[in-house]
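Both complexes shown next keep chain A, but they swap its partner, so chain B is in the first and chain C is in the second.
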Partner chain A sequence: MNILAIETSCDETSAAVCRDGYEILSNVIASQDDIHAHYGGVVPELAARRHIEIIGQVANKALEQASAGFEDMDILAVTQGPGLIGSLIVGISYMQGVSYRYGIPMVGINHIEGHLTAPLLGNQQVCYPVLGLIVSGGHTMLVKMDDVGKYTVIGRTLDDAAGEAFDKVATMMGLGYPGGPLVSKLAQKGDPNAIRFPRGLLRSQSFDFSFSGLKTAVLYKLKSESHPIPEQRQADIAASFEEAVADALVKKTLRAAKQYGIKTITAGGGVIRNARLRTRLEKQCCKHGYRLVLPEPILCTDNAGMIGTLAYYYRDRAMLAKDNAIDPIPSLKFVG
Partner chain B sequence: MNILGIETTSSKGTVALYSGDKFVAELELEHPLRHSRYVIAAVDRLLVDACMDITDISRIAVGIGPGSFTGIRVGIAIAKGLNCDFAMKVVGIPSLKNIAVQLSGETNISAYISAQRDEFFVQKFLVCPDTGLVPDGDCMILTIDMMNTILSESTILVGPDYASIKPYSDKLLCRLYDHPVYPRGQYAAILAYQENYALSDDDIVPLYVRRSEAEKKGAKVYKF
Partner chain C sequence: MITREYTTNSALQTKKLGIKLAERLQKGDVIALCGELGAGKTCLTQGICRGLGLDKATPVTSPTFTLVNEYRAAMPVYHIDLYRIASDEEFYFSGLDEFLKDDAVTIIEWANKHADVLPDRTLFITITFGGRLRRNIRISCDEGYHDKQKIVF
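Now for the complex of A and B:
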């Protein structure tokens, strides 16, 4: 079964061709980082404007790379939410047109579920239950997965997402956007133990997260320093901030795995590309006997490949756009 | 040549079908604020009633604004999806021209659409015996006071947001057309037929007259 997928939930315009729920034949991602860099974060209106300009090109490029045509597709998959309404609606509207033009049924997919299942689908060695950690610019959550489609959210951020904190700290430090890779690059030269930043809710028995206090602590630290801040000191601040984020994420994840008796842990979302976080997760999982399944980097960022592979499992829900149009849902709930 | 007209730039969305220069039908979308949900169903009804298939369409005329940012993008994205394999031609039709062409017997027409915050997108048009309706300058963003410095008394002002502009009618120097006139799919289609031009799919982008709020405000910079 061939599936053409589109993902436009935020600021990446992505199209992919997938086969049978595990094989990604092409996965084209057009980043908008250069558009949003000036503003230190994603500007929803500008994101939507870019999506509409290039969506046709991106979809055709994905088909070309897969040596396929629209007529070869059995299902269309599109991100229905959560995400920015102006961005979601471009992908959905485009796919409705394609659905009608070629008579191909389409299905709406949850973006977060796509991240969560990306490294698992087609992996014969995965045994449920699995504990999933999602860390991105818009979401931070812990999910108990009993199978595809059977999830329980056991923790989430109560304020900022971890990726959002990275972007804001990068803006405070004048590093630019996207903040994650820039903070991480600077942090490589710093001492992660130089400053003891707060680990939000780490002592709480819940599995919820909080990063706004950490972000504010960095702001006050920057204010308290004599300016201009020497390069090494900036690197220490970045490394200490990164360490605080990783510490909170890794410790809570392992604690949740222990409490729920789960032996396999997975992680997804853009922040999972962070080398410090990956290393910490790998070491701690190894030390405590957990199996860790991490996605390859391209599946960490927002991409249509994860939407297309997951859509295979929801193929029975696919309908023609003329019979049942899909509505964008910016706050689409993660099914618990 | 069968032309499908899609107009979703205002609260009243419509789709229409032309066969050459012959009007076939027009349908109004069911809900004023959820065009994305109803466009394809309406297109299907149009084509089924006309005993046609989407492959019988050779040209799509789509509204490109100005107007509702989301509405504009819905129409264009659907048009691009329908023309995903580039088998058709897609023609972008400016909403203000779509409105102006609906008025007959006038020579100085200014079309408007609300731009929110007491401002209006306005474009002047002239009707000439030889060339028909032609733009007289670019689209502008005007307040009522600014309109009075730009629009002459002989101009008739016409657009969809009559309720928004009516309270200012006493202040206006130009004449105000006393009914709302919306950009419509049928006029998009006939304009696409008459002008007989077509752009490549990549060129069909919204007509943004106003910059986004973020562009106006600029970046946030921390100063310590």
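Now for the complex of A and C:
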């Protein structure tokens, strides 16, 4: 079964051709980072406008790379939410057009579920239950997964998402956008133990996270330093901040796995590309005997490949656009 | 302009001030929150939402990436963030003006970035740093505001 998938929930315009819920034949991603760098964040109007300009090209390229045409597709999959309304509309409208033109049924997919299941689908070795950690600009949550479609959220951020903390710390340090990679780059040269920043809620029994206090602590540290802050000191602050984020995420994840008796851990979302977080997760899982399944870097980014593979499991819900319109849902809930 | 100033000495006190303020709020009110990164805008919003009867199990989180969070309290609460909105035009293009409703309370972070889009009935709250934990919180409203007592506790 061939599935053409589109993902336009935020920055990236992506199209993919997937087969049978495990094979990604092509996965084209056009990033808007260069446009947004100028504004220090995602700018919704620009995002939507750029999606409109390039979505056709991106979809054609994905089909071309898979040596296929629209008429070879059995199902269309599109991100329905969560995301920015203007951006979601572009992807959904495009697919509705394709559905009308070629008579192919389409199905709406949850973006967060896509990130969670990306490294698991098609992996024969995975046994549920699996503990999933999602860390991105807009989301930070721990999810117990009993099967595809059967999830329980057991922890989430109570204030800022981890990726948001990275972006805001980057702004405070004058580093630019996208903040995460720039903070990480600076942190490589720094000492992660130079400053002991607070780990929000680490002592709490719950599996919830908090990164707002950490953000403010970094702000005070920057204010208290004598300016201009030497480059090495800046690197130390960045590394110590990164360490505090990784420490909170990894410790809570392992604690949750232990409490729920889950042996397999997975993680997804843009922040999982962070080297310190990946290394910490790998080391700790190895040390405590957990199996860690991490997505390849391309699947951490917002991409249509994860939407297309997951859509195979929801193929029964697919309907022609003329029979049932899919509405964008900016705050689409993660179904428990 | 009528202005009242308050000082809080901890995040908890800031939240409590939000709860107190919420007691005076009614449907249709718009609150504009201004202040630097880390000033406590989301923290004050958490207090306001609790004060409006939002259950404790629902986290009130930063809408920086989502642009709008919606909460079901005693009345609908829309929690908007203009941090990433670059112009007034984008505010309208993103459909954010549709959340300034008569039957809801709307709280807008980074409101000073685009003050022109705010309605006349807006209550302005500016949070400034007074020390490590101390915050100076200035609440102000227009002379013609329908209920001046709202900001006097």
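In the analysis below, the second predicted complex is superposed on the first by the 336 of 336 C-alpha atoms of A that agree within 3 Å, B and C clash if a C-alpha of one lies under 4 Å from a C-alpha of the other, contacts with A are read in each partner's own complex, and residues count from 1 in each chain.
Note that in this section a contact is a pair of C-beta atoms (placed from the backbone, for glycine too) under 8 Å apart; a residue touches a chain by one contact, two chains touch by 3 or more.
On a predicted model such as this, the values are computed, not experimentally measured, just so you know.
When the two structures are aligned on the shared chain, A:204 is found in touch with neither chain B nor chain C. Once the two complexes are overlaid on the shared chain, A:60 sits against chain B while remaining clear of chain C.
By the touch criterion defined above, A:232 reaches neither chain B nor chain C. Touch criterion met: A:328 reaches chain B, while chain C stays clear of it.
In the superposition on chain A, A:212 makes contact with chain C only, not with chain B. Shared-chain residue A:94: touches chain B; no touch with chain C. Look at A:123: by the touch rule set out above, it reaches neither chain B nor chain C. When the two complexes are overlaid on their common chain A, residue A:172 makes contact with chain B and with chain C alike.
In the superposition on chain A, contact of A:156 is made with chain C only, not with chain B. Shared interface residues of chain A (contacting chain B in one complex, chain C in the other): 39-40, 43, 45-46, 48, 85-86, 171-172, 219.
On chain B, the positions that touch chain A within their shared complex are 34, 36-41, 43-44, 54, 69-70, 73-74, 76-85, 201-202, 205-206, 208, 212-215, 218-222, 224. Those residues of chain C that touch chain A in the shared complex are 11, 36-38, 42-43, 46, 59-62, 64-70, 83-87, 89-90, 93-95, 132.
Note for the complex: chain A touches chain B at residues 38-40, 43, 45-46, 48-49, 51-53, 55-57, 59-60, 69-70, 85-86, 89-102, 171-172, 174, 219, 222-223, 225, 227, 321-322, 325, 327-328. Considering their complex, residues 10, 39-46, 48, 82, 84-86, 137-138, 156-161, 163-164, 167-168, 171-172, 208, 212-213, 215-216, 219-220, 330-331 of chain A touch chain C.
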